[in-house]
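In the two complexes that follow, subunit A is the common piece, with subunit B as its partner first and subunit C second.
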Partner chain A sequence: MQSFDLGKEGLRALNSSLHALKGQTNMTAWEVINPKGAHAIAAGVDAPVDITVRGSTGYYCAGMNKQATIRIKGSAGPGVAENMMSGAVIIDGDASQYAGATGRGGLLVIKGNASSRCGISMKGIDIVVHGNIGHMSCFMAQSGNVVVLGNAGEALGDSLYEARIFVRGTVKSLGADCIEKEMRDEHFAIVEELLRRGEADHKAKPEEFRRYGSARKLYNFNIDNASAY
Partner chain B sequence: MTEFPKTPPRFSATFTPAINAEIRRAAASGIYDIRGGGTKRHLPHFDDLLFLGASISRYPLEGYREKCATDVWLGTRFAKNPIHLDIPITIAGMSFGALSGPAKEALGRGATAAGTSTTTGDGGMTEEERGHSKTLVYQYLPSRYGMNPDDLRRADAIEIVVGQGAKPGGGGMLLGQKISDRVANMRNLPKGIDQRSACRHPDWTGPDDLEIKILELREITNWEKPIYIKVGGARPYYDTALAVKAGADVVVLDGMQGGTAATQDVFIEHVGMPILACIPQAVKALQDLGMHRKVQLIVSGGIRTGADVAKAMALGADAVAIGTAALIALGDNDPVWEEEYQKLGTTADAYDDWHEGRDPAGITTQDPELSKRFDPVLGGRRLKNYLKVMTLEAQTIARACGKNHLHNLEPEDLCALTIEAAAMAGVPIAGTSWIPGRTGF
Partner chain C sequence: MCGIVGLFLKDPKLEPKLGEMLTDMLITMTDRGPDSAGIAIYSGARDGLGKITIQSAHPEKDFKNLDGDLHDAIGQPVAMLVKSTHAVLEVPIGQLDAARSALSHLRPDVKVMSVGDSIEIFKEVGLPKDVARRFDVARMTGTHGIGHTRMATESAVTTMGAHPFSTGPDQCLVHNGSLSNHNGLRRELIRKGMSFETQNDTEVAAAYVSQKLKEGEDLGTALESGLDDLDGFFTFVVGTKNGFGVVRDPIACKPAVMAETDEYVAFGSEYRALVNLPGIENARVWEPEPATVYFWER
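Up next is the complex of A and B:
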């Protein structure tokens, strides 16, 4: 395992070492020690490597990740895994605002709670949160799946497009154009698979979840809906 | 009985026929007017400034012999690979979606042939555009449609869009009729639905976050690319200062004459400031921070001629950007399509319903039949010609002022024709030494 002391060697050296990996290397396991809440740790990685960050991270850890599996052995600051393309990001602790924002692929697992705007504007990413998610989560979420084992805060799925939201606990309120929808077989299958991949299959069963999605009433402007805008 | 003359019909200056028509339209439809383009109102503009030219105290340069350079470096503050352009007139961001693929190709062709850059837009980077643009600026917008690290790395610069002049504080809007399969796919959304681009970025708020966002983008691209921050003309002094503080290499400042693909008319006409009022404020912020010419300033919004370019640069800009003018050079609103403009209930040079996707010139549309009318090779050549003419015009003025580089133009070369323009531009009214707001009468 390659061990990288962020406190000693600095962010630029870390990210340029990680960017130099092009998938044809034997250095597939990395450990980052002394992260001390630094920003942009392992942002822009594009190789099938495993990176373990031993501690908590600042903003935008694993931003735009492709292929890599990044484990955070602590909590993550705002915008973790923002715009992720593929790969996986697994956080042992909590995640701050905008976790997985605009993510286009891959899997984000938050074993603690996620703050507000989790999955905002998401475009294909899958997100599994073992705890709760904060207000305005999945705002304008376009596609992908969110599985929440705990509760959701206010205005869940406001102005939602085609993303699917599965919540096991309570939802404080739904945002504009977000409604509860029927759980069909394909949805149980999605939740089952995401619980397994999200290391949560021992914590919950698919039949415990309810599904929320877009009512699709705001897809084309209609003056009769003006009060919703 | 004596007949007295009757009072002739008199139109109200408040309730004009145009205003009344809009009231009737609103009453009938129940929805505000959406259109493309920038403000159409009369504003203090570059036309209200004049160059003084050389005289006994300053001597001119010979037009056909003595050199007047036009090149510009952008992104010299932090980027490993700053951009060098032959001319200081860049092409502003316009989205694929708002424009057709061939139109984006033509912008790339024309800009490249003229030695300048072009810019993506809301909707991601297309192959047409990347392939035909030697220097391509990749916009990083609130919607993040199509955003990905590969395109970030194959861009020559990154422009974080905070706002635009046509609608500072507003997001984008691409109505369902322009959402083809390709546009929908690039934006990860279903076909045919209205696509609202958010007005705020999803993962940062305020200048402190922006600084960290810039750090992330620099890390992802190994500190190679210049990072621009684009703001609409709202609070140019503070926005420029905060952009510099957040770590921008370049500030792009867009006045309210700048265009949009589609926005509410009330937004376009009533929010933001004219570019003339914005430039001196931004330059002052850069000067106060000791960053003028170190962080470059690109200004846009109503740039039409080489005279406008020269005036913007004399006020302290490093470069300008054109959008609407570039579309007109390509063939937008050309009277050759007058018959079809009439069918759409408008006329050439006034057509602004670009959001409907029925552009007779085939530029602001995704309709395959209409798009075929537009030849990207010819369009590119026309844009190159226009850029060359603007450059020659700006050089003509600079030489007359005795300047061997466009960047040597200065506010002292200018005077104003109106009190408003003098106050905004910070130059004296012609024939006086009076700068309203700065010097006593």
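Up next is the complex of A and C:
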């Protein structure tokens, strides 16, 4: 176990040590202590390592993550796991604005609540939120899955492309071109798998969720409207 | 971008440390606003006395014998404590208006930062740590206080453009964001009798709240009204003699984190600002909801 005291050694030293890990490494377990809400902790990691941050983090923790499993034993500031490519980010507490924004792959698990704009413009990431998500979540979300055990705020899935949204509780309002859709077998299977991987299978069952997706009226090119473009 | 910090103490045992805690929080928010900084501190009102905090670009000239000159003008005892470019004048509470009016004749270049029973405001251009040191904020005591670090976007980097803004007795407001309808609102408020020192958008928000309080609304209702009438981005923290309020616009892009324990309620633009507060590990920490008014009063 590599233990790193952020208060003593500083953020640049941490991130450059993590960036130096290329491909396979025998330093697979890392612990970061005294994060004290610092920004960009473990951003840009590209190695199959396990990093545990003992405390709450500031902006962009685990941003652009590739391969690593990053656990936050506290709450996360704005933009956690922004543009994640692969790997996993697991937050014990809450996440601030735009968690998982633009994410292309990997799994983001938020065991508390997520604030506004969770999964905005996501492009393939999977997000599991044990609590609620805030307003304008999944705005312009393109692909990937979001599973929410609690409730969703206003304007869910506004201007949605092909991401799938599963909500167990209430939805305050749906955004433009976002509609409720039928849960078919393949959707129950997706939710079941994500609940398991998101450490939430003891809290909810797939049949408790409703599915929301794009009505596909807003983003499709329609030849009849060609003169309007 | 700007940084906001605020502390409302529930436990009087912490009152001697208010300035020290706020200074630490303010300096942590330097990255969010390095061009100027300010602090409003509410330090227990003294029987029958009121305070005017003033600022001058030429303190040696303007503050020289000002207490004596004011005493002659209003015929009442005046105490003056000079802190760098600011001075706090203490006068009998019934004489606050008379003293303020005399001041505008005696020292026309002096700017009034705040007036009230307990409020004092200190703000200047410069790094938060330098501003805090200049006014010795760490040694101030009090019941609640609000600090701001500014990264100017909307009007010039000047002392008067720094926050907090105070537009009514014992009232102050700080802002992270920018308003888009402040020019129209300023004209309306001028028609209602408010006066303005700057072209700054935040001063309009402060005056808006002061006008609503003057019309008889309580702080919570005044902030609710602001959600309808103020257009733009904002996280506001406001202070009154007994209270401390927070409100964010409905889009809520501007960050805000709050923490509450049995001893205090704290506000920070980021969690970083709160990490050295006593008992923060076990505090209830949350993000204020958009378009929702929070306030605490003693």
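Heads up, the rule we're going with is that the second predicted complex is superposed on the first by the 219 of 229 C-alpha atoms of A that agree within 3 Å, B and C clash if a C-alpha of one lies under 4 Å from a C-alpha of the other, contacts with A are read in each partner's own complex, and residues count from 1 in each chain.
Here, a contact is a pair of C-beta atoms (placed from the backbone, for glycine too) under 8 Å apart; a residue touches a chain by one contact, two chains touch by 3 or more.
Model, not experiment: these values are computed from the prediction.
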Check your understanding: Now for A:Ala101: first (subunit B), second (subunit C), both, or neither, which partner does it touch?
Key -> first
Review point. When the two structures are overlaid on chain A, which partner does A:Tyr161 contact: first (subunit B), second (subunit C), both, or neither?
Key: first
Practice item. Report for A:Pro78: first if it touches subunit B alone, second if subunit C alone, otherwise both or neither. Key: both
Point to revise | Per-residue touch tally on subunit A - higher for subunit B or for subunit C | key: B
Check your understanding: Of the partners subunit B and subunit C, which touch A:Asn15 in the superposed model: first, second, both, neither?
Key -> first
Check your understanding: Counting only touches as set out at the top, which of subunit B and subunit C does A:Ser56 meet: first, second, both, neither?
Key -> second
Check your understanding: If you stack the two complexes on chain A, which partner ends up touching A:Met140: first (subunit B), second (subunit C), both, or neither?
Key -> first
**Study point:** Interface residues of subunit A shared between complexes with subunit B and subunit C
**Key:** 58-59, 78, 97
Check your understanding: Contact residues on subunit B for subunit A in the complex?
Key -> 29-31, 143-144, 147-149, 152, 175-176, 187-190, 192-194, 196, 198, 202-204, 209, 212-213, 215-216, 219-223
Review point. What does subunit C use to touch subunit A in their complex?
Key: 250-253, 255, 257, 270-275, 285-287, 290
Point to revise | Interfacial residue positions of subunit A with respect to subunit C in the complex | key: 36-38, 56, 58-59, 75, 77-78, 94, 96-97, 115-116, 134-136
Practice item. Show which residues of subunit A lie in contact with subunit B when the two form their complex. Key: 11-12, 15-16, 19, 39-40, 43-44, 46, 58-60, 63-64, 66, 78-79, 82-83, 85, 97-98, 101-102, 104, 117, 120-121, 123-124, 139-140, 142-143, 159, 161-162, 219-221, 223
